[in-house]
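Structures follow.
Shared between the two complexes below is chain A, which has chain B as its partner in the first and chain C in the second.
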Partner chain A sequence: MDLLWQTAVNATYAASYMALIAVGLVMIFGVMGVINFAHGELYMVGAYCVVFLYAQENFPFLLAVAAGLVFVGIVGIVMERTMFRPLRDNPLGGLIASIGFLLILQTLVVFGFGRRMGHVPPSTHGKIEFFGAVLTYQRLFVIVAAILLLAALWAFLRRSKFGRALRACAQDTEAASLQGISMNQTARIAMFIGAGLAGVAGALTAPLVSPTPYIGHSIIVTAFIIIIVGGVGSLEGAVIAAVLYAFVHTFVTTFFDGVIANIVGLALMLSVLVVRPTGLFGARERA
Partner chain B sequence: MSRKSLDRKISRRKFLGTTAASGTALAAMGSGLSRVAFADSHTIRIGFLAPLTGPVAAWGKPGLDGCLIWADWVNAKGGVNIGGQSYNIEFVGYDNEYDAAKARTGATKLIKEDGVKFVMMLGGDTWPGVQKIAEREGMLFSTLLPSDLSPDSTTLVAPCEVHPIYNVTGVEWLAENKPELKTAAMCAQDDALGKPSVATYLAAFEAAGIEMQDEPLFFDPATTDFAPVMTKLLAGNPDILCLDTCYADYVHPLCEQAFQQGYKGQIISCTADFYQKIIEKTSAEFMEGFIFQFPDFDDPALNSEGVNFVNPNEFYAEYAKRYGASEWGAVSWEYASIMDLWADAAGKAGSAEPAAVLEAMKAGGTGKHAFGTADWWGTELFGIDNALVGNWPVVAIEGGKATIKEFRSIPAWWDKHKDLMVKHMTALGQMWNQRG
Partner chain C sequence: MPEPVGAMPATGTGGSIGRIAWRLRPVFLFAALAALPYLLSYSQQEIAVLLVINVLLVSSYRLLTLTGEWSLGHVVIMGVGAYASALLAKQAGVPVPLSMLLGGCMAAAVAALLSFPLFRMKGFYFLIGSFAAGEIIRLIWKRFTDPFGGPKGLKRIEPFPDIETGFLSIDFYEPVNYYFLALVVVSASLFVLYRIERSRIGLTFHAIHWQDRLAESVGVDTFRYRTLAFVIASFFAGIAGGLYAHYIGAVNPTRFSVDQMVYVLVWAIVGGTATFHGPILGVVVLTVINEIVLRALGLDTARPLIYGAILILSVLYLPNGLESLGPRLRALWQRRRGGSAAAGSEPA
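Showing the complex of A and B:
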């Protein structure tokens, strides 16, 4: 096994799922101005969609992943309609409501699936080897899906009418409203996409982690570090920061240890804040 | 119905008779209620203060499940005889989520509100939250982690699991039975469970002449992706991959990563909870020969003379019937085994009061540990002889099933290598007088 190549493969996988989660978080913040603390739990719910449909009910893995995306997207729409819309003028209220919602999601999953980790067998044991490194198909799914979904999102935002409406709202809500763009509809779409991305990340990685009702805690911390480094509100920044953070964290874990890797990750965030308080892409471009 | 018809149906005599009968029935009910209340006063409550949720729940919840079986069996036989009176046992659980502050709240509730006579804990990171309360209240506590012991806490005992000291038996067995294994790599979560276990494995490897390829790799307990951890561990292609005392949530993905990254060597771990699920994720061939320390209790070796756990095979069968065989874990039997000791001591003391039970439990310096008669021990390592130490099983997965290979003596290893243990515990700041 070639240590360098294997570490690069590990980092690429980590960057892929982190990018999906962080871009979703940025979508929600960019369009609605809400810091969604329940984003980690949306990831967790996506993972449990696979626990239920694939591991327990024996549906095909990819169908379970697709269901995870759609179901968590719908959960996002429910959040928008019931919490974030009534609290649109109160960003702090939205944040607090999202904290309450994450506890509700955790509790519902505990009721439905128990408190212990869910067991998801791999959908395939296949793997490819190159330059002495091993990449399992299960991890390859995550990398390919992340690339396809983020490319589709980029095309949607650049080429479609709804995408342009989302970007307009992210840049200036009032001006967008004056142009006849419906804030409600835009927020709904943003929430569906943002939540759906977290859900699909959870669903894709479910066989690779030990899903528990509390797994969202560690995910949300990493996602916040990434969007702060990338520039809060910047989709491109979130993707690049996810890659940067994943490579730094993975290489430091491999060549030093995991605890030092966390310290280095936080130091990276602090360094970016000191040198460029808006994040790497925060000032130049927003969604 | 008209009043007239009522008058016709209920005569004065009938009314009086009915009233008298009702009064008698109520009186009977009343006496029945008082009997229930009387019986209730002969119930002893035992506190179960452990993580029932979260990543450490695998070392709390299955233990409570096992205790419920223990209580059902004991109560069905009339309860525990203390001072000539039978008492039913009732467990009061409190989920401390492996958090010291919540453990403190739970201990206060269990003692002050629920009136428990004894509190069983997992210990570890949660013990510091409870320590002052235990000292102030004089309540008898038990821990599965004797690294919690110190001379300051005289009412804390480790009567079942001598974690992590028993891990030396697995390494010793490997060295004797597979002498070709010469190098090892190890990882652990960076917490109160991981560190003393790392020190123990380091001592055991050194005693066995097995060389560590690198410093032990500590990872953050919040880690979800174990690929980088495993990549580093396998970088030197070690003969032995040691997973220390990693939680079940970590052992599973670590094994899966080792499998995916092509590791073919020996794995040793303190636990392999829900190992059937690991086999599902890897393969029976990959897990063959996996060494750990916790048997399934349907193992026939547990019926051998000297094992004190009551009806181990029946206990396992009942556990599997109630909760499923795949839910059996390292601690499923441990808290129940502590209750055997407690009940025995309370019977000898003729009292359930904590001080009396503790004195009876430690009388003579020996006790009936689940795996045989053992000694109250620990001054050199913990500053107090409150750990019950004797034999411990070495378990291997063979044909997809946990199998006891041998019972080995922890004191025998200690007598030969205690200097190594003290050296490594000291280096990692795990001696009782080093902990804050």
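Showing the complex of A and C:
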């Protein structure tokens, strides 16, 4: 029973950072129609922001996390300006260019920090226990931060003018630009938020995962599974699918092993693709 | 360096000697390819072997892209051929040339099986689906130590058997000899691939790419033709895998990871997939750049960065690949010459 509780707690933690990553990916896809293959590397760069600022330069952890969000967001804007904007009519081209960008980010991090695992000391040592399950503050912090950030994003999208413009672009780009919404401006904001969310997820989890320059691969696989299961255009779907996938993956990992869990996740995604390509929660398909 | 056919200048208008030379270009090409290994150092010969194998890999990939679908699982399919051939030779004692052929058949069979889920999707869904399917296969290799050897893979795979007759003895441990073996196998495969593309089937692939609805309306079963392209491409990828496994003598799941797939994508895209020789041009040019320029300059660790930059730049500025560079430059030159001539005769 304790193990069950503990696994559920672990799954909640996994769900929170996976949701951040997947929502970021969906943001980018929703507005620009491009699948960003470099999303895992954006997570990795966010983690290395913490490695550099917090572990090496001894800045406060929170500051390093915030810097991770902003820095990776700016990397996102650079990607938008240099690749996705010129390739707007060519979604496959955008995807392939993002594969190129992924290689560049990986190599730059290898140059800066080496191939070895970066070590990040925990920022707090406390933990809470309930029903026999242990939740460290470090993990609790990720969960709380994810909930706050996603709530903030939700409010931003629903309430602010930018948010409405963003949703309009995601629904129908042409109609939105006819209403005087600047596509470039909207794409820039979407890219900043989408990349920033991946970056902040990396920054928050850096003390828990020991980042390497190649960590992005497993992240992007996870993110793909989640957005396919949730339906590629749907932010709510991504959150629900993140929770679902995190629970399935964590439980299978605990009770079988990690590789089996990955196979189960991929098989889940493949079967969703076959049975219902719009995802379990996605209403409509975006070309 | 092997001269790709398309890179030869069209000297046809330059006089009868030029015309004869142009006609005889396959002869020159084969002469160059035959002379090539003797001009290279031992380690460069080894690279030449891999290059020949990669030519088959990327050319078979192009056959799949003819129908308009881009797979991210092609390297894993190559791995299926490699694993199957290695296991057949190691555990079932199948003679190596036959095991390679069976490896290709195995890759084709896996592709046929995968086509049922995968070809219910199109475009980017197919891309992601093929990625997922490939990862599943790779994880199965990783997870099941018996018979796949787990993360360490298979080692000490039977080499290609030496040929020992009274007056002829060929030891395929020597890269030069394996180079010629691979060259023969790959040339034959490329010939078949070329004939397929020029046949009615190949034309149908093109039709499905550009006008799938129209093709369906005249009675083409697009599912079956997509599957056919996938199966044929996978067969040749499997052959490439077999050539690889029995040359290197070891295979492991990492060797067939998506990182390797990225290189295939780069070769195909940088070369350009509109023509048969485009991807071959891509793999040859990039391998030469890689081996000569990067290794000589000691920029080995920067390789992914440079590949990434090349990939982005070619998607942005050379969307039809290197193959389009020649005609484009020629057009530019002619326009400039024509323009200056026009400007000289009638100032406008």
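Structure notes:
What we mean here is this: the second predicted complex is superposed on the first by the 280 of 287 C-alpha atoms of A that agree within 3 Å, B and C clash if a C-alpha of one lies under 4 Å from a C-alpha of the other, contacts with A are read in each partner's own complex, and residues count from 1 in each chain.
Note that in this section a residue touches a chain if its C-beta (ideal position, glycine included) is under 8 Å from a C-beta of that chain, and two chains touch if they have at least 3 such contacts.
What you see is a predicted model; the values in this text were computed from it and never measured.
On the superposed chain A, the two partners chain B and chain C do not both fit; they clash.
Look at A:S210: by the touch rule set out above, it reaches chain B but stays clear of chain C. By the touch criterion stated above, A:V259 is placed in contact with chain B and with chain C alike.
Looking at the shared chain after the overlay, A:V110 reaches both chain B and chain C.
Touch criterion not met for A:A238: it reaches neither chain B nor chain C. Within the superposed three-chain model, A:M269 lies in touch with chain C and out of touch with chain B [touch as defined at top].
After overlaying the two complexes on the shared chain, residue contacts for A:A201 are found with neither chain B nor chain C. Once the two complexes are laid over each other on the shared chain, residue contacts for A:F224 go to chain C alone; chain B is not touched. Using the contact criterion defined above for the overlaid structures, shared-chain residue A:L95 touches chain C, although it does not reach chain B.
For chain B, the stretch among 57-65, 129-137, 255-263 or 417-425 that collides with chain C in the superposed model is 129-137.
The contact surfaces that chain B and chain C form on chain A in the two complexes overlap at residues 110, 217, 221, 257, 259, 262.
Contacts from chain A toward chain B in the complex involve residues 1, 3, 6-7, 10-11, 13-14, 110, 115-117, 119, 121-122, 127, 134, 136, 139, 208-210, 212-215, 217-219, 221, 249-250, 253-255, 257-259, 261-262.
Considering their complex, residues 35, 82-83, 86-87, 90-93, 95-97, 99-104, 106-108, 110-111, 217, 221, 224-225, 228, 257, 259-260, 262-263, 266-267, 269-271, 273-274, 277 of chain A touch chain C. Chain contact summary for the complex, chain B toward chain A: residues 52-55, 57-58, 61, 190, 217-220, 222-225, 227-229, 231-232, 234-235, 237, 248-250, 252-253, 256, 260-262, 274, 277, 280-281.
Listed in rising order, the residues of chain C touching chain A in the complex are 70, 117, 120-121, 123-125, 127-129, 131-133, 135-136, 139-140, 142-143, 257-259, 262, 265-266, 269, 301-305, 307-312, 315-316, 319.
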